[in-house]
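Labels run A, B, C, D, E and F following the written order; every chain starts at residue 1.
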Amino acid sequence: MPTTEFDTSLPSIRQLQELIKQKAVIELKLVTGDLLTGKVFWQDHNCVCIVDDRNQQTTIWKQAIAYYKSK
Amino acid sequence: MPTTEFDTSLPSIRQLQELIKQKAVIELKLVTGDLLTGKVFWQDHNCVCIVDDRNQQTTIWKQAIAYYKSK
Amino acid sequence: MPTTEFDTSLPSIRQLQELIKQKAVIELKLVTGDLLTGKVFWQDHNCVCIVDDRNQQTTIWKQAIAYYKSK
Amino acid sequence: MPTTEFDTSLPSIRQLQELIKQKAVIELKLVTGDLLTGKVFWQDHNCVCIVDDRNQQTTIWKQAIAYYKSK
Amino acid sequence: MPTTEFDTSLPSIRQLQELIKQKAVIELKLVTGDLLTGKVFWQDHNCVCIVDDRNQQTTIWKQAIAYYKSK
Amino acid sequence: MPTTEFDTSLPSIRQLQELIKQKAVIELKLVTGDLLTGKVFWQDHNCVCIVDDRNQQTTIWKQAIAYYKSK
């Protein structure tokens, strides 16, 4: 069976869903070297959207994420 | 079921469709470090096409996008 | 249905086909930072081949393209 | 048959599972150049989560890993 | 139908096969910035193997190729 | 038929298997720019594991390999 990458039973998907519920602030390091900080707003198969403290949304392609941690 | 990445019910695809309708100006950061600004003109499975204020079109491979935000 | 990435009904594929017919000169930015200029000669699922004004062909992997624009 | 990338019989998946059981400290080099150190906490299809000596969790996308070794 | 990437009817695959037959010297630019020069020795789904004038073989992952041209 | 990337009849997979049997020392260039040297210990679908002369194992993601050659 081919894998479907957006499987809500996967720990990595569930962890982001949990952070969305908690309105937790995370720090994301991208493959570009950019370090982005914000609350996780939504995620789907392709992207994670964060919102910063000035209410600016940034939509990040998952392919460009190196890692993240809670602040 | 294998995922089809261009699924118009996905929030990330819908958000870009919405920006196309609104003729909104976005700022795209690419994995090359380039920062491109323009109105979203069209998107498909592979690419996003933007048009700048001098009417120059730029066709961007989605694989090369790190993130974008509305200006 | 799994997506087939070389679908000639896709705008991004059609746009390149159109540029081939027009013998249009494009500027391609690669993820390496290289900026290549030439007429689009052919494309397939994996590659785009351009030819410069000294008739030198360069075969570019699509995976390495960040964006292109017409000159 | 299409490959499913999270196949627990694969040596690379099993090696990480073994390191989780042993609470082994590993050093991960990412494609960004970042060098991260910690105990492997969990892995799934997409990510590896490590925890450092101050109990900070970092969730790393596998796509961004270059290599790792035990310390 | 899912695409199989090593389709010998594709122009990009055929062009490399042709270069193998001709023992042509090519110059390959990689995403690392490396510029490698040699005769194309073989290719498969994942790799291209070149051999330089001191008979040293180098096996290159296709994923790391930006572009190539004949010398 | 979709391709399964770990096909032991592929030249690139067979070549690595041969190097494992020969306990040959190879030099691997990664997309990070790192140059790693060691004997190939094992490979699977995702990774290549090498061991250096101090018996340190390094597990390398294939996605991060640019090229390798025998020393």
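We take it that a residue touches a chain if its C-beta (ideal position, glycine included) is under 8 Å from a C-beta of that chain, and two chains touch if they have at least 3 such contacts.
If you're wondering where the values come from, they're calculated on a predicted model, not measured in any experiment.
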Handout entry: Between chain C and chain D, the fewest steps along chains that touch one another
Key = 3
Handout entry: Contact-graph distance - origin chain B, target chain D
Key = 2
Exercise for the section: Would you mind working out whether chain D and chain F touch using mostly the same residue numbers, over half shared, or mostly different ones? Expected result: different
Practice task
Work out the mean Cα position per chain and let me know which chain is farthest from chain A.
Solution key: E
Practice task
With centres defined as the mean of C-alpha atoms, identify the chain lying farthest from chain D.
Solution key: C
Problem - chain C onto chain E, rotation angle from CA fit, given as a multiple of 5 degrees - result: 60
Practice task
Report the inter-chain centroid distance for chain C and chain F in whole angstrom, where each centroid is the mean of the CA atoms.
Solution key: 32
Fill in the blank from the handout: Here the gap between chain B and chain F, centre to centre from mean Cα coordinates and rounded to Å, is 37
Problem - Inter-centroid spacing, chain F versus chain E (mean Cα positions, whole Å) - result: 18
Problem - Interface hub residues of chain A, defined as touching at least two other chains - result: 2, 5, 30-31, 63
Completion exercise
When the ring is traversed from chain A toward chain B, the order is A, B, C, E, F, D
Fill in the blank from the handout: In the complex, the residues of chain D that touch chain F are 1-3, 5, 7, 10-13, 15, 29-31, 33, 62-63, 65-70
Practice task
Would you tell me which residues of chain B are touching chain C in their complex?
Solution key: 2, 4-6, 30-32, 34, 36, 42, 44-47, 49, 56-61, 63-64
